[in-house]
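Next come two complexes built around chain A: one with chain B, the other with chain C.
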Partner chain A sequence: MASLRLAGLKKSFGAVDIIKGVNLEIKDGEFVVFVGPSGCGKSTLLRMIAGLEDISGGELYIGDRLCNEVQPRERGIAMVFQSYALYPHMTVYDNMGFGLSLNKTPKPELDARVREAARILKMEHLLERKPSQLSGGQRQRVAIGRAIVRKPGVFLFDEPLSNLDAALRVDMRMELAKLHRDLGATMIYVTHDQIEAMTLADKIVVLDGGLVQQVGSPMELYKNPANKFVAGFIGAPKMNFLPVKVQSVAGDTAMVASDTMSPIPVKGRGFSVGDPAWLGIRPQFLKPGPPTDGEGALRGRIALVERLGTETIIAVDTAENERVVAAIPVDVELAFGDAAEFQFNPQAAHLFH
Partner chain B sequence: MNKITEVVPFLAPVQILILSVIVIPSFYVVWLSLHASSFGQSATFVGLQNYIKVLTDPAFLLALGNTVLIVIFAVHLELALGLGMALLFASGLPCRRVLLVAVLAPYAVSEVIAVAMWRFLFDPDVGPVTAMLTWLGLPMLDWSFEPSHALIMIGLLTIWLHLPFTFIILYAARLAIPKDLYEAARIDGAKPFDAFRRVTIPLLGPAIVVALLFRYIFAFRIFSEVWLMTQGGPARSTEVVAVYLYQEAFSFNAFGTAAATAWIMVLASLLLATGYVFLLRKQVAGNAH
Partner chain C sequence: MRTDKLAIGLGKTVAVAVILVWSLFPIAFLVLSSFKPGQDIFAVPPKLVFSPTVQHYVELWNGWGVFFSGLLNSTIITAGATIIAITTSTAAGYVYSRYSSRMLDASVMFLIIVRLIPPIVVTLPLFPIINAIGLNDTHIVLMVLYATFFVSLGTVLMRTFIDQIPRELDEAAQIDGAKRLTILRRVIVPLAAPGILAVAVFVVVFAWNEFLFAFIFTATKAKTAPLVISEMIGSIDGVDWGVLFAASTVQLIPVLLFVIFMNRYLVAGLTAGATKG
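Moving on to the complex of A and B:
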């Protein structure tokens, strides 16, 4: 097990800066998820920690050791790739034991460790098979097994579930969470799937444009997003953003309104009267019906209804032609084009610059 | 039944082509190899005499020896070079496109032109390469006089001519190995040589088998390089089996022995190919385990 410290970590490919200075502390045994849209630099950051990409600037410490120039094999890490990266000419047993056979681990110890990993992942019966004889989920297990066998200080996962079907992904997610509990190892996991991030992480690192946007526990990020990007990225369906104007400010509360919305008080710092702002409301906080005293209201016409059984996702176009999405926790039957009205508690809304 | 009568006319052109170009001539050569035959003589049945005559002919044995030498040295050296170059190219060589054209160019050159070029380059009196070797204080290749030098020259020429073939097969196979595997190997603790030995070579195995098999067969029937360079001389000392066959058939008009030689070549090629394929498949399977 090991802790990590990233101090001003930078990566450039030629003149293009991919990682623009990342500072991060990862505690021993923590499950950290790097999340962000495609091209945000999350995989590059992971590969820099793995030693597969050179570090252009800053410092990377694994444990207390500066690892900028250390070879991957000496960093005490193991990595699970998106493509699994299993050696197709080797059996599952040999795939898992490859790292140990390279460092000349005695045969009995190698055998014991491979079998122990196979037992943890419930795949003792697959040891003699070749990767081509395995299903996607089984291959992923072998890739994880190969990492476990090496007993690394840090496990690195690069979008390990993205090649699996939806049902298998849920199963594997639970298995990974269990694995983390059982092994207690430091794990860094890259994904663009915010559900994976929310369900697995002790700590989420949201990245965009090569910069850390926010670091925090899943609920911290969900409840107190630092900016509009994080607010939009965490939570499904995506948070609604409506353009508003600040009418008055009193302490930490700003009174905001728009042409179609009456003034409401929302928490927000650093705003001045007349500032344009974005009012963020999560779809789950919109409730059908007219507002009662002090509540915000949104009106429009129904553009789309998705009935999922346990909930209904309703998209509404407002008079200002803004698309607002509401998630109602019951099944309701609504018709396209109908007028709809929603109310929300202003305390549940967010205000962004 | 109806179906067969409908299908046969469509298949007939191919069948007729194969029959007339391969099957019938093959049987004719078998028949010929069992007869003594020359111009102006009717063929007389001699049984296996032709085969015995060829196999005990010192000229044939020398030709066979030369052919085997070329197969063993040229093909394996070529494979090593092709593999080295394929790995070098795959490792991200600068100016790769230009270099690729340069490496593949010999394959676009006609064998006749290639030999004419080499004859000039290595000319013992005026050849630029000879001049350079002399300038460097190295022994020159006296290929027009010294049989062993001539064989070395033929070997080098055949390697130069066919290297693009071996190279391109191995390069394509190397490019097909996913980058992830090397990254996984690096993380698993593999040094470059470990990755080469335990990842690259086993995964290139099938491509190596294919390249070797083709090159064994091509090299076993080598003709134009030798014929154009030395015509088997001096004193039949650089003859290879195909040149021996040509001499028997068209210089000495001994069609029976030439036909027997042809069949010996076919059988030897098959034997060679089968043996190597068997061995290498076993090796690949062994690595794969």
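Moving on to the complex of A and C:
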């Protein structure tokens, strides 16, 4: 097991800066998820930790050791690739034991460790097969098994579930959580799927444009997003953003309003009167019905109704031509084209620059 | 419609038959003649029915011992050239596939251009050098020469094959603790085996049949079988065609068997990359 410290980590390909200075502390045994849209640099950052990409600037410590120039094999890490990257010409057993055979681990110990990993992942019966004879989920298990066998200080996962079908992905997600509990190892996990991030992580690192946007526990990020990007990225369906103007400021509360919305008080720092701002409201906090005292209100025409069973997702086009999404209880009957009114508690709303 | 299809089918069959006759006739003539009694070989009209004899083979064995030592030389040189060529091509193909730099990219073009220069132009100036370092009439000089002429094509071919092996396998092996050479040996080579065999087929066929360089660079000790066959034509006792055909048949068989055996790899080699993305 190991902790990690990234200090001003940078990566450029020629003149293009991919990672623009990342500072991050990862505690021993923590499950950290790097999340962000395609091209945000999350995979590059993971590959820098693995040693598969050179570090252009800054320092990477694994444990207490500066690892900028250390070979991947000497970093005490194991990695699970999106494509699994199993050796097609080797059996499952040999795939899992390859690393140990390279560092000349005695046969009995190698055998014991491969079988132990196979037992943990419930695939003892697959050991003699070749990867081509396995299903996607089984291949994924082998890839994870190959990592476990090496008893690394840090597990690195690069979008490991994205090639699996939806049902299997949910199963594997639970197994990974269990694996983390059982092994207690440090794990760094890259995904673009914010649900995976929310469900697996002790700590989420939201990346965009090669910079860390926010670091925190899933609920911290959900409740107190540091900026509009994080707010929009964490949570499903996506947070709604409405353009508003700041009318007055008192302490850390600002009164905001728009042409179609009467003034409401929202928490937000660093705003001055007259500033344009974005009012963020999560779809779950929009409730059908007229507002009571002090509540915010939204009106519009229903453009889309998606009944998911557990809840119904409604898209509403407002008079200002903004599309707003609400997640409402299934028993509320609303249909396409209806005029609808929603209310929300201003305390649940966010204000962004 | 149906007659059209029939006509096309017939056309294809005839075309295939013509090609077969065209390419198989010399071989059939050669092999059959080697079993004909001497006076029947050039009989007009050709004798299709004859009583087969192994007389020419016996004469070859008794009178042309040098042919069999030539075969042995051919085998040694072919094996050596093949090993050098596939080792070099695989290593170079791996580098071209996995690394990129301006120098490397430019040198691919160079590899292809070099292949277009008539080999003899590059080879003749080598003669005095090879003579000076005492490598004349040795196996090694032909091994290296033959291998050299296939390293360019072999490298390009191997690069295409290795390009199809996902880089993540290299990376997984790197994390598993493998160094470059181990990755090449334990991961890349087993997966690129069809490509390696395809390159091997090219080199074997070339090295086994090659005449010109063998003629220039060998005299007695490293003389290859094709040279001995040519000597049979220039024999002072006049040409014994039956023995000549027997020798040619013996010379032909190993490479024929090899190509038939390796056929599918050869096809794989020629079409490598054709279906890629």
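Following the convention adopted for this analysis, the second predicted complex is superposed on the first by the 350 of 353 C-alpha atoms of A that agree within 3 Å, B and C clash if a C-alpha of one lies under 4 Å from a C-alpha of the other, contacts with A are read in each partner's own complex, and residues count from 1 in each chain.
The rule is simple: a contact is a pair of C-beta atoms (placed from the backbone, for glycine too) under 8 Å apart; a residue touches a chain by one contact, two chains touch by 3 or more.
In this text the structure is predicted, and so the values were computed from the model without any measurement.
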Using the overlay on chain A, decide if chain B and chain C clash or can fit next to each other.
clash
Based on the superposed arrangement, let me know which partner A:Met79 touches: chain B (first), chain C (second), both, or neither?
both
Name the contact category of A:Arg146: first (chain B only), second (chain C only), both, or neither.
both
Contact-wise, after the overlay, does A:Thr91 reach chain B, chain C, both or neither (first, second, both, neither)?
first
Per the contact definition in the header, classify A:Leu126: touching chain B only (first), chain C only (second), both, or neither.
neither
Is A:Leu52 touching anything from chain B or chain C once the two structures are fitted on A? First, second, both or neither.
both
Residues of chain A contacting chain B in one complex and chain C in the other:
50-52, 71-73, 77-79, 81, 83, 85-89, 98-99, 102-103, 146, 150
Of all residues in chain C, those that touch chain A in their complex:
166, 168-169, 171-178, 182, 186-187, 190-191
Contact footprint of chain C on chain A as seen in their complex
50-52, 71-73, 77-79, 81, 83, 85-89, 98-99, 102-103, 146, 150
Partner chain A, residues of chain B touching it in the complex:
178, 180-181, 183-190, 194, 198-199, 202-203, 205, 287-289
Across the complex, what residues on chain A touch chain B?
50-52, 71-73, 77-79, 81, 83, 85-91, 94, 98-99, 102-103, 130, 146, 150
